[in-house]
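Both complexes below contain chain A, partnered by chain B and then by chain C.
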Partner chain A sequence: MEGFLNAFVALSNFVLIPGLAYGAQLALGALGVTLVYAVLRFSNFAHGDMMAFGTMATILATWVLQSAGIGFGPLPTALIALPFGVAIAVALALGTDRVVYRFYRKTKAVPVTFVIVSVGVMFIYNAVVRLFIGVDDRRFEDGERFIIRAGDFREWTGLAEGLALRTSQVLTVVIAFVAMAALFWFLQRTRTGKAMRAYSDNEDLALLSGIDPARVVLITWALAASLATLAGVLYGLYKSFSPFNYFQLLLPIFASAIVGGIGNPIGAVIGGFVVAFSEVGITYAYRRVLSHILPDAWMPDGLVQLLSTDYKFAVSFFILVVVLLVRPTGILRGRVI
Partner chain B sequence: MKRPPAYILFSLMGLALLAVGWFQSWTLALAILNLSLISAIMALGVNMQWGYAGLFNAGVMGFAALGGAAAIFVAMPPVPGALAAGGTGLLAAGLSAAVAIALAIYVHRNLRAPWRAPAMILVVVLGYFMMRWFADPATTRIEAVNPTVAGYLGGLGLPVLFSWVAGALLAAAAAWLIGKVALGLRSDYLAIATLGIAEIILAVLKNEAWLTRGVKNVTGIPRPVPFEIELQRSPWFLDLTATLGLNPVQFSATFVALLYTLLFGAVLIVLLILAERALNSPWGRMMRAIRDNRDASAAMGKDVKRRHLQIFVIGSAVIGIAGAMLVTLDGQFTPGTYIPLRFTFLIWVMVILGGSGNNMGSVLGAFVIWFVWIQAEPAGQWLMQTITANVPMDAAMRNHLIASAPHLRLLVMGAILLFVLRFSPQGLLPERRAQSPRDAKAKEVPT
Partner chain C sequence: MSFLIGEEMTGGYGGADILHSCTIGVERGEIAVIVGPNGAGKSTAMKAVFGMLPLREGRIVLDGRDITALSPQERVLAGMGFVPQSNNVFRALTVEENLEMGAFIRRDDPRETMEQVYTLFPILKEKRRQPAGELSGGQRQQVAVGRALMTKPQVLMLDEPTAGVSPIVMDELFDKILDIAATGIAILLVEQNAAQALAIAHRAYVLVQGRNRYTDTGEALLADPEVRRSFLGG
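Take a look at the complex of A and B:
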């Protein structure tokens, strides 16, 4: 029995909890992609760099706060800086829309033109982030790092395996769920949210019923930028911040959005968790978990790892390919043009 | 505004390169020229996919890296003992993978609904474990063979020029697989799928050390041209430099670079001629017809998906050639240096700036963008130095600004891309539209 408990603790420690936290981050990112897709009808390649930009703004504000001696007790200072980061990112997104994207909406450009334009925007965001903060890996988590330490857990329970629960993991899950609940409430209950959904379903009909398209677009960008910043800051607290890693997050985020059904917010959340749990679950070496359950004679020689962690992007890609082959609309039916 | 004709733009570009040679150094000018030629071939490949057919390939980097890996597989000498150490294991692994795939296809074709999915999963999982069971010990043994200098299978030991063909074939095979999955769906899906395949290809090249030495890099790939030191010893070369009145040591490097220029130039010209002929043939018109109106072309009986797959494979093969050429020029394969901004999106800027759908435009775009990309770095340094010298600020800020100067070129590239898309979406050399007699007449009428 104790063997099973130990195995479960090890599994929670290395697969379930990290998967939950990473899934929440991916879900937030995929929600931004899917909202832009639903309303503006293109895949935004600049989303990863938007995440990097919002996170950068938050980090800079965090440094200012830290040097002023302001902290948030046991919580990371970045949480106080977060509203500032969100505000800057929203301003950037709205500015970009005004200067860049609006023109193509007016000329009714085809979606793929928007995609290429977003590549140009990606270059600019990327350059701006690198100019301000450089290319180095940065850690900005402060405050109390752990809620439960592995050593303490072992003492309390007397188990051989320790369970570490990091503040950033709990924060990620709590903040992500609050943000998602707020977003779904907004989309389902408020007039503006309903206008957005109507516009996404049928643009012409929405225009006919007096919905202001400029306002819908504005709110979409504001939401996408806020979600991107939130996802970026939580990911950065959990792991670390570097512009290149954030660019690379684009693939799992796109995979999450498509797997769930692109253009469908609930799908984005489901997709985020599917991709995250597959990635963590497939690249984890199960030897440790098995060692508590199996008798010594049965223990396999290897690490019992399906894929090395270097291939974590391969996992999102394979899920993407399987979904494209089996069910191109995604788990919940998204849009397919 | 009337656009300047192509030859003037190309002459200006040539003058700019001459100016680099004159004011900076001829070595730099030739280095820019050689990489421009390679970039031009990559841009040509992207232009076939995007300009002819409207396919967005966000995985240029992957196909280029695959082409580069071909240089290892073809040109490096085989590592003695490596095949004996793990050859049978790899063969068994390959066989079990093939059997699993065949079985999966059989199950997919012959079983019906409730049993199909579980059976497929079972076959795939069992096949995967079988493959790993054979492959893992084999790769470990291969990587243990003389690990400081080898630790991989090595190549075939053939002349490196063959790898340019092999690179094309490898890239084409990868493109066929990904095209089969992602073409025929929404246009963005191809972009995202190719973005993914590029990351996967890179991950494989970085981590499968038995195949490519991974991050330990393969250096000393045989060259298609003589080494400088050989030239400096050969009598005919010394005679040549004596008659020209040049320093043999300095000129040998220039001479080698010029030989590469000739090789790359020849490949570019051949590809350009083929591409132009293809574009102006009925096949090229069909491609553009599909691009401009898919539904109408489908209604005319054109197999849109098949044509898309065809052009996607051809374009990727061209990118693969360029990738192999790049590794040939460097003489080494370093998977860590492949990053999407440089190898995928920079090529896109070249194609868009040059003019989508115009092959000469892609070549011109490649030259201009590569030139700017290289020269933006000293220009950025100069700008930051000037700013920091003339504006009062503290030392930390000054150091930060100077250190961040190289990132300015990303800003320049983004700005070029956005400006071209906005104000001149046709690019420097717009696509030449085939004129029907009616269009020609309409043009004669002054408006």
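Take a look at the complex of A and C:
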């Protein structure tokens, strides 16, 4: 019995809890991608670097707060800086739309043009972020790092395995849950949210009904930039911030959005967790878990790891390709792309 | 002068003209029908009245006010409702949300109008929490008409509302259209099913190649042997 408990604790510690936190981050990122796709009808490749930009703004504000001696007690200072980061990211998104995307909307460019334009925007965001904050890895988590430490857990329970619960993990799940609930409430219950869904569903009829497309586009960018910053900051607190990593996050985020059904917000959330648990579950070495439940004689020699963590992005790629081949509309039937 | 009139409309989508000095008018509480063979410019004439077609000549007058320069959205505000032929509901939105979106430009409380729409189409009240995309063709047309009624229009324009529905549903829809006209709304209708449409029309326009061919009451056109032979199949 204790063996199974130990195995479960180890599994929670290394797979379930990290998967949950990572999944929540991907879900927030995928929600931004899916909203832009639903309303503006293109895949926004600049979303990863939008995350990096918003996170950078938050980190810079965090440093200012820290040097002024302002903290948030046991919670990371970055949470106080977050509204500032969100505001900067929203301003950037609206500015970009004004000087770049609006031109292509006016000329009624085809979606693929928008995609390529977003790649250009991505490079610019990317360069701006590196110019301001550099290419290095940055850790900006402060305050109390753990809610439960592995050592304390072992002491309380008397189990051989420890369970560590990090502040950033709990913050991620709580903040992501609140943000998603607020987003769904907005989309389902408010007049503006319904107008956004209506515009996404049938542009011509929305125009006939007097829905202002400029306003819908504006709100979409504001939401996408806010979600991107939120996802970026939570990811950065949990792991670390580096511009290149955030650029790479684009892949699992797109995989999440497409797996769930692109253009469908609930799909984005489901997709985020599917991709996160696949990635974490496939790259984890299960030897430790098995050692608690298998008799010694049965223990395998290897690490029982399906794929090295170096190849974790291959998991997203694989899921992406399979979904596009087998069910291109995704789990919840989004649009076919 | 009619309550709503498109006078001597000439124009097309950039290339050659589709409408040639075409005139369409409708009175309050009456039903005007546009019929004619395929490609006669029936839908185009209606779109022109609604401001979705650039006119080279002619003008549109609503209740004595020249609205030729207004955009379709502005015409909605001026009291015109339009039900397009296809893609005329928000499929992902529930029936009730469709009606709410219909009332989007209204600043007052639209609930009373919604109740009126539910009274007119009781099935919609039953299905109000269902996405419009899941409804049958006839029910979806009711949602589309209901959506357009939410702005309390003085003129309702319907582009082939019975396209692709069964004959029974078609009769029901025509009955509803008569009910709507009875409330004092002017109704402009484009129809493929010419015989049935003429039977309920106070006034009818037969268009051929973008020109007015016959204009009379529905009854008179139905009785006209030439019209019967050419457009109603005998």
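By our rule, the second predicted complex is superposed on the first by the 336 of 337 C-alpha atoms of A that agree within 3 Å, B and C clash if a C-alpha of one lies under 4 Å from a C-alpha of the other, contacts with A are read in each partner's own complex, and residues count from 1 in each chain.
Going forward, contacts are C-beta pairs under 8 Å (C-beta built on N, C-alpha and C of every residue); 3 or more make two chains touch, one makes a residue touch a chain.
Note that the structure is a prediction, hence the values are computed from the model and not measured.
Superposition note: with chain A as the common reference, chain B and chain C can be accommodated side by side.
Looking at the superposition, the partner that touches the larger set of chain A residues, chain B or chain C, turns out to be B. Legend: residue contacts after superposition of the two complexes on their common chain; A:Gly210 is shown touching chain C, with no touch to chain B. Legend: residue contacts after superposition of the two complexes on their common chain; A:Ala195 is shown touching chain C, with no touch to chain B. In the superposition on chain A, A:Val128 contacts chain B only, with no contact to chain C. In the overlay built on the shared chain, the residue A:Met299 is in contact with neither chain B nor chain C. Once you line the two complexes up on chain A, you'll see the smallest CA to CA distance from chain B to chain C is 17 Å.
Once both structures are placed on chain A, no chain A residue is touched by chain B and, in the other complex, by chain C. Note for the complex: chain A touches chain C at residues 191, 194-195, 197-198, 200-202, 204-211. Residues of chain B that touch chain A in their complex: 54, 56, 58, 128, 136, 181-182, 185-189, 191-193, 195-197, 199-200, 203, 206-207, 339-341, 345, 348-349, 352, 400, 403-404, 407-411, 413-415, 417-418, 421-422.
Contact residues of chain A toward chain B in the complex are 42-43, 45, 100, 103, 111-113, 115-117, 119-124, 126-128, 130-132, 134-135, 244, 247-248, 250-251, 254-255, 258, 302, 306, 308, 310-311, 313-314, 316-317, 320-321, 324-325, 328, 336-337.
Looking at the complex, you find that chain C touches chain A at residues 72-73, 76-77, 82, 84, 87-93, 97, 100-102, 104-105, 147.
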